Structure formats: structure tokens, C-alpha cells
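Several structures are given next for inspection.
Here come two complexes built around chain A, the first alongside chain B, the second alongside chain C.
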Partner chain A sequence: MTRGSNRLTSVLSDNRVGLLLLIVVLVVLIGSLKPMFFSPAFVIGPMLTSIAIFTVVGLAQMVVLSVGQMNLAVGGMAAIGAMGSAMVFQAFDVPLIVGIAIGLVFGGAVGALCGVLIAYAGVNSFVVTLAMSFALLGLVPAVYSWVSTGNAITVQTPGLAELGRSKLSDLCIGDTCGPDGIPLILFVAVAAMIVIGLLYSKSRIGREILLTGSNDRAALLSAIPVPRRIITVHTLSGMLAALAGFMLGASTGSFTPGIGQEFMLQSFLGPILGGTLLAGGYVSVIGTFLGITLTVVIRQGLLLFGVGIEGLNILLGTILLIALSADRIRSVAGARSRLRASRQQSPAQPKEEAVVS
Partner chain B sequence: MTDTAYALEVRGITKTFPGVRALDEVNLRLKPGEVHALLGENGAGKSTLIKIITGIQPQDSGELIVNGEAQTFRSAHEATRAGIGVVHQERNVITDFTVAENIVLGNTPVKGGRVQWREVREGAKRVLDLLDFPIDPATPTSLLSPAQTQLVEIARGLYTDSAVLLLDEPTASISETESKLLFDVVHRLAAQGRAILFVSHKLEEVFAHCDTVTVFRDGRSVAESEPLANYSKDTIVDLLVGRTLAKLEVPVRSPSEAGTPALELRDVSTAGGHRDVSFAVHPGQILGIYGLVGAGRSELAKAILGLDRITSGEVRVNGAPAQIRSVGDALGRYGIGYVTEDRKAEGLFLDQTVARNLTVTVLKRLSNAFGFVRERAARATADEYIASLDVKVSNRDQLVGQLSGGNQQKVSLGKWLAANTDTLIIDEPTVGIDVRTKGAFYQLIWALAEQGKAVLVISSDLAEMVTLVDRIVVMQDFEVTGSVTNTHDYDEMSKSVIRLIHEERIDVVEG
Partner chain C sequence: MSARFARLARDQNTILAAVIIAGVIVLTISSSGGFLSPISIETFFQFLAIPIVIGLAQMAALAVNQMNLAVGAIGGFAACSAGVLIADFGVPPWLGGLIAILIGLAAGVLNGLIVVLTQINGFIVTLATMTILSGAQYAIVGTRTITSASWPEIAAIGTARPLGIPLIFWIAVGIAILLSVAYRQTLLARNMLASGGNPLAATLSGISNSRSLVTAHGLSGLLCGVAAFLVLASLPGVNKSIGEDWLLSSFAAPIIGGVSLTGGTVAVLGTVLAATIVRLVDSARAQFQLEPSWVNFVIGAVVLGTVALDRVRTRRPATRQRSRRTPPDAPPTAASRAIDPGAPA
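This part shows the complex of A and B:
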């Protein structure tokens, strides 16, 4: 999404092209062995719903990674955001959009709190968000059992079921209907991708965030409001996590404390596979989407072959480890080629001079 | 053929990198007991030769003879064992380790798998004493200033008791007085029969302390192990750049010290330990702040920018009291910019493009009402400063980490020129930069002052101060001990500055 440099971009875009090819090969392979894989209603639709939700989760992690930090509480923030939406739907019968907004405020507030602790108290993001995830793990079920019976809130707000569970085939203009298998909720993820993409590629704040991730000391000494940008990314992360939590609740029709429990691994898999640097300073929105798509395709494919959830977790964990090693190799290789470039460059300069004089 | 008259002999060494011949049959002969200067502009091949001599890279062809034996080092360890000690230009100190641990690094005394800590401490103490550097070997290196860190590097080079000692710009970031200490040690080591190879960009030092000289240009040796007495500064500079360089025209400047100062400190004390610091810099004036290691110069700049707490006294900008809480405040509300000393750690975003580095301070101005960066304006700004500073880049989207030191420094300065502040604080403007680029920087700073900017230059290079600034403020132990108007006469200025530092020392002793 954002231009790092000529060389870096070419490497990373290769990475994205590689991801895309891998996805296509896997889809063709799985589909030819199990034609069921192409069933719009039973596989494609649910798969795209998962991709939509996890892409937003991936973005929630990506924005924090962009300053070289991490958010271990994405799951908890998703849970509290979804809970916030569900509670206002239940208690006040507000319109859909207001409920979503309230959920984002819940998630964003928790994220902002983490950001403030990290930026001003100087505590490591790892510690702050880990502690926050434990606090939320206790808080969210407690509130659910207090406001609801059976530890779940079923929301009947008009439009929610349509947004969460309808497909393009349900939308018809006259006699022409959209294709089956494409869930409406996918467009929520696309909207989130566009907003985050614009933020990082075009806006001043996005650029300040990336520069903070590149070298926070230099950023501070270059008049960038570093603490404010750290709070910005954590707030944004909380809001995106809340949005993902809401999407999950809307797609199943019920809001429970269990929302967000399987978000953590996915949140790292998407950005890292997609080329976002753990050290900060470079992000890829499309890469995050492709990374998530790959993991969801693998997961769905293996489910069709009857591989259990334990086997899946082992596999996804292994993929993350490989992706992290690749991140390390990328940065080492980057440093090496920089060194080579500078070695070649420095003796070359006097040669230019010789031509001049 | 062995000739034991030389401690180190380089015969026709050639080294080629893909596409570039870095060294082309260079020669160098180093006798025991001599201090030999190796000179050359950035990229002339000095660093490559040092890497070959110290075993970091092998040569393609040619002979390296150490104490009469032909050697091809395959590792740095082999070079150390052959009696070659080196102080590298980059600081290779591990900040999590203590001073002693860093000194013995790579040569740690071990017996039966256990580190001999007593030997570590005593060995470290011995070389620190040799350097006359009064610091506890158990001090964590993270607490040291850049100059003190440099001394630790030098101590490491001395620790292995080498017959040949290579000093790669050891004085680039240390002050005059410390340099004197260092040269005392160098002369002592030479008197003991050690051979010293000394790489520096500071010609004053070279002429004051070296016996012989080798000059590299474009990977060739244009002067080979000749007595330095055969040359003058001018002839050396001609050799370095390969043509008669237009002599740096020091402009006749008569800045006014009347009227309201652009930036004034009145009895400022800080949480960091400064006591009652006062000085003023006027529009159009270049004020130098000179001091020894740990005198608190960079720390003072950071306190002015709000990165350290001011406990008493006041900072005044254009005559009015100023409350500066951050660099953003300094830039946005008071028009003050700060070019950092350590460009890699604090000045630049090495993995970002030249364009992004150059526009960082002006992002607000380059954004529209919706907070989006106006790309065309940003590109124009980047191109403007690439052109006006003559930054050597393939294009504006090249990564800053790929540029040479001099060009990186131009970017580091350029991002603050883009901000167009009324007052600019420049910390160590030309560390590790060659003669020609230095000249370009001085011209730039004079031009800034001509435009009516107030410029504060912090430097530990007295020769630089004497060339560049209008008035020198001397700092010692976090206090200002006095200031002198610059007469541009090196000997005279050197005497008055040393006197200012010295008086303070006597006061301390008496008090």
C-alpha cells in the first residue's frame, strides 16, 4: 500500500504476488479433489464471511505493528466492543448504525487506555495489552451474566440479520440478483481496508505513524507528536477489533463473551504473511487481506478433508512461526543488501568526481 | 623477501567489488615507532584497506606482510593474534556491557571455561590508566557519552598489546583536550616501538602528530609512505581531491549583537544538572558552543527543546519568555530547529526514502485541509532540497540508509532547512565528513546567517569553531565558563578557550 522504496517495494510486492499465486493454486487443488469446496452456500459464503471478519482483525493488529508494537488484547477488545453494541441494541432499541458506533467507542476507549499507558507511563506494549486481555477476559463474561440470561444477547435490531447473514443473491434489482456466495459483510471489510489504506498511503497522520515505527527517537526529534501517534494506533486497533467483534456477532446472530477468542493467532498471521514488518515502519493492507485469505483457505480446505481443529491449530501456529522467520530473514537480507549497496556506492563516488575534474 | 625493518607492509594490494575497483595496487610501509597518517576522501579506499589489514575481508591480490611474514587473514581473530589492534570508526560498543567487559570483548581471559573476572578488571584498569581515563571499569557503557564511548573503543584496541595499532578516525567525536590525551598515549606507544596507522579527516591533527603519510585517491595511493615534512596542508588537500580545490573562502562577517536576541537563556538550570547557563544568539549570528566530553552541550540543546526539565531561569525567544514542551512546540510555536549529533540514531529514518526524510518537519504545511499529504508539493520540496544541498541520490525514493555518511548528514540538515526556522541548533555538523563536504556545509551555515537566521553550532572540533562561528561559548561541567569573540586565529583562540576551561578547573580545585 505505502511506498517503502524501489527495492523494498519490489521485494514485498513479490511477496504479495507469491501469496496470491499460492491461494489460487490451493483453491484449484482443493477444489479439484473436493468439488464441494466450490459450493456457494456451504463453503464459499462462510469462507468469505471468515475472511471479512479476520481481515478486520488483521488490520487491528497491523496498525499497532506499524509503530513496532503489538496488541495482545485484540480478542478482548473485540469482545467488549461487540458487548457494547449488543447492550445498547437490547436496552435502547437504537438504529443499527448507532449500535455499531457505540461498539467502536467501547473498543476504541479500551485501546486508547492501553495507548496512554504505553505512551506516557512508558510500559512495554506487550505487557500492557497482555494485562488488558486478562482484565477483559474477566470483565466481559461478568457483564454478560449480569445483563443477560444464558450468557448471550440475541439482537433483533432491524437490518442486523441482513447485514450479517445476507448475500448478494438476496439483493435484487428487478429480476437481476447478485451472485450467490458473496456475503454482504465482506463489504464492511472492504470499507475498513479502504479507510486504513488511505490513512497509511495518503494522510499525514499515517505517514507520522510509519515514521514513528521506523525510528521513534528520530520521530520525536523531528517534531512528530510520538506519544499522540502511539495512542492513535492503539485507539484505532481497539475500534477495528470492536468492528470485527460486531461482524462476528452479526454473522451468527448472537453476541456472547466467546467473541474474539480465536482472533489472536489470526491477527498476527494476516499482517506478517502479508509483509508488514514486525519492527514497524512498513505496512501492507492488501497483504494483510491476502495473508488472511490464505489461512482461511487452508483452514476450510483441511476441514473438508476431515482434519480436526487441533490439527488446524498446529498447522496455523507453524505457519506463523515460518512467517516470523521470514520477517527476520527479510530484515537481515535488507540490511545486507543495504551494506552491499553502500560498499559499492562509496568507492564509486570518487570515480564520478574524476570524470568531473 | 622479508624486510623486518617494517612492522607492516602492504604491497600492491587490489580489491574489487562488483563493478568497482576499491583498491588498485596500493602500497604502504609502516615502521616500528612511527605514527603514519592514512588520508583520503570518503570512498577513496581507506576503509577497505583497513578491513583487509584487520582480517574482515581478504584482498584479491597483493601481499600483506606483518613483521616480516606474508599473511592473508581469514578472520579478525587471526589479525589480532598476528599483533594488529584496531579502533574502528563506527562505535562497536555493546551498551548492555560494562566498560571492562567491552574492553576485553573478543579477547576475554578464560580459564577452564570460566571467565577470569579479576584479570578482566585488572586488564581493563591497566589500559584505562594508560589512557588516563578516570572511569570505573564496572560502569555500564550505556551511561557514557559518545566521546567516552570512543575512549572505551581505544582502550579495547590497546588491550591486546598490539605491535601495530590502527586508529580509524578516533577523534571524530571527541574534544580537543581528549584528543590531546589520546595523542599523548599514541606518542608513548610509538616510543615503545609500536607502529601506529592513523586515519583522520582533521589535517591539523595529522600535521601536529604524524611522521609519515600515505594518501589514497580513487583506490590508488597517490603518496606512498612519505615524510609528512615534504607537504603542506594545501599540497595534501590537492592530493586528496586530485585538483587544486578552491580554498575555502571564510567570509568577513560582522554580525550585530545589538537588539533582541532570537534565542536567549537566562540563568537556566536543568534537571539534568546544568547550572545558571546564560547566553544569547542574535539573528544573523553564528554562536558556537564548545566544551569537553560531558560538558553538557547536547544535553543543553535537548533541555531547550523541552526534552529535559528546566528547573529555574528562563528561555526567551525573540525577547518573550518561552515555554517549550516538545520539539513540535519548538518548531511550531517558536521557530527553533535542532539537527541532532547522532544522525543514524536520532536524525534519520534509515529504512525510509530520502523524500520522506526531507519532508518530515513540514508534513503539516504539505497537507491539505482533510489531512492528506499533497504528494506533488511533497515531491517538489524533496527535490528542492536534494538539488540545493547537492545530495547524491539516484532518485528521491532511494532509502536514506543507502547513502554515504556525508549525504546522510545533508539529509539530516535538509529536513530542518525545509522547516525554515528562525533559529537553528546544529549539533556536530561535520562529524566523519570529508574536506570537500565540510566546506559545503560551512558555506551553507554562513548563507543561513546571511539570511538573518540565528545559528547555534555545537562542536567538539575547535578548528571547526575557529573557521565557522562568530563567538565561542565555552562550557565545562554543565556550566558556561565564558565566551570569546572569534578572531579566526587558531592559536590565539585555542589559547583563550583552553584558558577558559582551565580556569574553571582551578576554581574547582580551590573550591
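This part shows the complex of A and C:
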């Protein structure tokens, strides 16, 4: 009986299945009404590129949500990471991989600064990251206009254009070429998903982060370095955001201060649709990917039907509100079941003095 | 005597006022007096009115420990709706101005209701409504600019200069005084502060936190509507970019002005003074011909610094205890569940 109802709850609360079905239905529906939707070069390719970039953005938000915090500076961190890469490419002509690494360092450093302020100064994560996004909003365009004349940096580093814009069909082994319409950049996102997925499922740090998110007091009493984990997630978030910014720059070929401007809403949509709890303690990498895929499919479909950008914004905002209400219902249900469990077990006395953060 | 002086010196408003005076002196000297010319003063106050009002709008939300990311979207949507109604549908300008204010109020109340009904963080609710409203703003106004020639009666307010200072600045000051009195005297505002300071204590004292949240978001929206009215009055026209750049200044004014980010306090005078400082930075930028993005950087960095320093300065053990959730073994009271049903009990 209990097992059956548990399984039912877990299927109901696992919305990845629902998301996948919804995506399939939408793709079939849009594709049958507008056959243009399946055009590899004009629709599928750009769509998968968007999915790749926004998935990394979604992961950047997801890692912070996993400790029950938020990062409002994802756009700014993406911008400064892309800027860091572009500047070293331009100034020192470094190889591709070094440029990416420098970009990640830039984003990670900004994220770490946010994390330190949140963990040690005890300021709310919204406020710190919001203030950080304001500072970056000013800093990034100022630096761009200082280092380059046209407010954009065009990078000619070998390999960058291939990474950003080539498709599997450009890679041939003998006579067999990959399918058209699958951009190479998608594999960067897949790699990021695998790394983050392994971090949460296999590594000690990942488990510690999740425990911090579900109950920071219990985590602290279990000798988990809570402040350090908070800094870890914010650093990771900054690095992922920087990677996303770099991917956007690589896919368009030029690095501008505008990178990251439309990241914030998407960064929340993906994880929340995918079932990551706002309260922390639970993440879903696949869910984030599916959530992003759903929004990008909707966006692309509406564009094909001639709906303007204003209609898209209205719709995306509405989807966020609906997804949030669903998130709320889930977390209330989760709290109820935890309550029931805690009543049965009658937990030990907590030690208030031991709480430090 | 010396104690009073020390307290005065430590007071945030004194520091802000000192910064303003120093800024004015520096700007006056560097412009060799040009900064104090009547035209320059007029422009200074003309563009100070809207930042004050949107700063106060954000302050109203911060007072209940919420945020309103939609200030710009509400203001822009209200201004554009009124503009379209007046120019295209022949609505009398006065009525249009009133509608702008009412749209702001309605949007704010809606934000508050969503926050209360779904129990979602106000930040993320307003992120969603911001996206929706800015989409709606673009949908109704498109790429055109509706000039203020359609509403000469309202535009007359924008050009009026009693005592050599723009009327819209006096309006903003009047609103600030009104709010200052309201936050001291009225029960509704005291209830909002109590809810913001400590929701559990407020509930136990018989205050409805839900009503406080809706009222605070409503007030925030109303002030955005007033800002939209001031836009109609003072700017040469409305288009889709109205409100885009309001977010930073709306947060900068109350945060630098000393409003606590954990709720429960307001600082009307501080917000007004901080908005003035932000305006001074902007004037300095114009005078030294710097990139506009440096202003954002300086203000963003100041906000970040204020946030970090303020918390370190005012941190007390009591506030840290209070912000923690109920201990795991405490029986979940009806009151604590009423406030936060999602809290692990």
C-alpha cells in the first residue's frame, strides 16, 4: 500500500516523463503544420545550438538552486566570461582551449566572490547576485569600449568557428558523414551535463551540496563545510555561465557586451520546468535539459507561426508562473511527507549552540 | 552633546547629505560654476523626480522583505497603455494619466495576490510578470514613439517651474513626505513593517501577513504608476524602451539609502538622498564625458559594497537566530505553517 502510493507520487513528481511527452507532441504538431520545422539547416540546427547554450545556462542556475539560493547574475557572469576569453584571444593569440579556460576563470572568480559574500557576510543570495549583476552590467560594456573600437571583439582563433558553427555533416570519416543539422556545440553542452550529473550523483562534494540545500543545519551538524559548499556552487555557477557566454560568442562569431542579456529568464525556466526545487536539495540535469528544450521548441514554433517577440515574452512569463505554481505544490507535498516521517521517528534534540554559518 | 553629535555623524542620512554637498561642491568647482546655473539646476531636478518615485516603489516592496523586479515593466506598460489610449482611442488626457496610475496599482496588487496565493518568492513572481508586461508593452506600442503632443494638459505639468524648480520634482517630494508620514502614522503601514520585520510575530499579534504583502506590492505598483504619469508629463514621448533602465536605480536608491534588505524598515529620506547621489554621479558623467556604462558600474559597485558592509556592521546574534527556521523537533504551530507551509517542520 505505502509502496504503491510512494511509487505513484514519484511518477507524478517526476515530470521529466511529462516534459518528454510534451516535447514530442509539440514537435509532431508543429512539424505537421509547418514542414519547414524539420529543415536541418534553417530550423533544427539553430534550434539545437540554442538548446545547447541555454542548457548550460540552466545548469548554471540549477547548481545554485540546489542549495536553495539563486544567481541573478548569470547573464553578467556569461558576459564577463566571454569577455575574458575574447580579450586573451585578441591580445595574446592563445590556443582555443586556453582561451576557454581563462573565460571560465573569469566567470568562476566572479561567482566565487558572490559565494564568499553570501557565505561569510551572511547576505541574501538575491541581493548579492543582483548587485553583482548591476556592477557587471556597467563593467562589461565599459571594458569592451576600452579595448575595442566597435564595442565587439571578433575572434579569428583557429578552431573557434569550427566549434561554434560547424555541424556533424562537416565531420567525415572516409565517405560517411554525420547527419546534417546537429551542431558540434551540442556536445559541449552534453559534456557539461555529464560532468554536472556525475558531480551530483557520484561525488562526495555533490552529495554534500544537496544535503546543504535540503537542510543546512543538519548538514552543518553532519560536519559538512556549509559555507565552503555555498562558495563551491557559486563558483561552479559562474564557470558554467561563462561557458554558456563563450558558446554564444563562438556560435555568432563575435563577442559583444550583449551576451547574456536574455539568459536570466531562461536560466530559471529550464531547471524549474525540469523539477529542480527552488527550496534546494533536489536537482535534475536531464530535467533541466528537457525544460530548456521545451521552451526553445515553443519559441521556435511560435516564430515559425509568425508570433513576434512580444508574444514570446508574454508566453514565457506565463509558463514560468505556471511552472512555479506546480513547483510549490510539489514542495508542499514533499514537506507534508517529511513531516509525517519526522513525527514517526521523533528526532533528537537539536543543539542551537552548534549552529554556525 | 557630544553623544548626540556622534549619533548624528553615524546616521546614514547625515553621511548621504555630506556626500551630496561634497559632490555639488566638486561639480561646481570643476564646471567653474556652470553646475549651479538655473538651467543646469532645472535639468538636475527634472530628471531626479522619476528615480525618487521608483526608488520609493522598490522600498515599499523591500519593507515587507520582497523585491519588485517589475518596476520598469509596470511603469513602461502603464505609460505606453495610457499613451495609446489617449493618442489612438481619444481618451481625455487627464483620464489617461489616471489610468496609468491605476494600471500600476492593478499590476502591483496582482503581483501581491500571486505571491500570496502561490507562496512563491516575490522575486521570481515579479521576474515572470516583468517578462509578461514588457512583452505586452511592446505588443501595444510596437516600434513607434507616441509624442507628448497628444496630451498637452499633462505635458504642461512637466514644463511648469514653480520657484524655478520643476513641478514634477515637487510632486516626487510630496509623495515622499506623504509616504514618510504614512509609514509613521497609519496602521496599515505599521502592519506592513511588522510583517516584514518578523512574520511570525506579526501573525501572533493578529496581523495578516497576506494583507501586508498585497498592500506592499499594491503600493509598489501604485508608485510605478505614478512614475509612469511623471514619464507622460516630463518626457517628449513614450515608446517601448520606457522603463528598461529603471531596475538598477530602483534598487540603488533604497539600498544606499539604508533600507534593510531583510525587511521591516523603511528610509524615505535616505531613499530620496541616495537617488540624488545617483543623479549627481550621472551629472558628473555628463560633465566629464565618460561612457554611460561606467555610471552603472560605479553604482553597482557601491550597491554591492553597501550590501556587504551594512550586513557586517549591523550583524547581531539575535537577527541570525530569528532568520533561522523553527528547530526540527518543535511542534509545527498553526501560525508557523500559516506563514511558510513549505518550511520543513
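Definition applied: the second predicted complex is superposed on the first by the 321 of 357 C-alpha atoms of A that agree within 3 Å, B and C clash if a C-alpha of one lies under 4 Å from a C-alpha of the other, contacts with A are read in each partner's own complex, and residues count from 1 in each chain.
Everything that follows uses one rule, which is that a residue touches a chain if its C-beta (ideal position, glycine included) is under 8 Å from a C-beta of that chain, and two chains touch if they have at least 3 such contacts.
The model shown is predicted, which means the values in this text are computed figures rather than measured ones.
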item: Which of chain B and chain C A:165 touches, first, second, both or neither; value: neither
item: Which superposed partner A:34 touches (first chain B, second chain C, both, neither); value: neither
item: Partner chain in contact with A:217 - chain B first, chain C second, else both or neither; value: both
item: Dominant toucher of chain A (residue count), chain B or chain C; value: C
item: First, second, both or neither for A:205, with chain B first and chain C second; value: first
item: Overlap of the chain B and chain C footprints on chain A, listed as residue numbers; value: 214-215, 217-218, 338, 342, 346-350, 352, 357
item: Chain C - residues contacting chain A, complex; value: 67, 114, 118-121, 123-125, 127-139, 248, 251-252, 255, 261-262, 291, 293-301, 303-304, 307-308, 311-312, 315, 320-321, 324, 327-329, 332, 341-345
item: In the complex, chain B residues that touch chain A; value: 17-22, 41-45, 47-48, 217-219, 241-243, 305, 307, 326-328, 330-332, 338, 340, 345-353, 356, 360-361, 363-364, 366-367, 371-373, 375, 392, 395, 397-399, 401-404, 415, 419
item: In the complex with chain C, residue positions of chain A that touch it; value: 70, 117, 121-124, 126-128, 130-142, 145, 214-215, 217-218, 257, 264-265, 268, 278-279, 308-318, 320-321, 324-325, 327-328, 331-332, 335, 338-339, 342, 346-350, 352, 355, 357
item: Sites on chain A touched by chain B in the complex; value: 3-8, 198, 202-205, 207-208, 210-211, 214-215, 217-225, 281-282, 334, 338, 341-354, 357
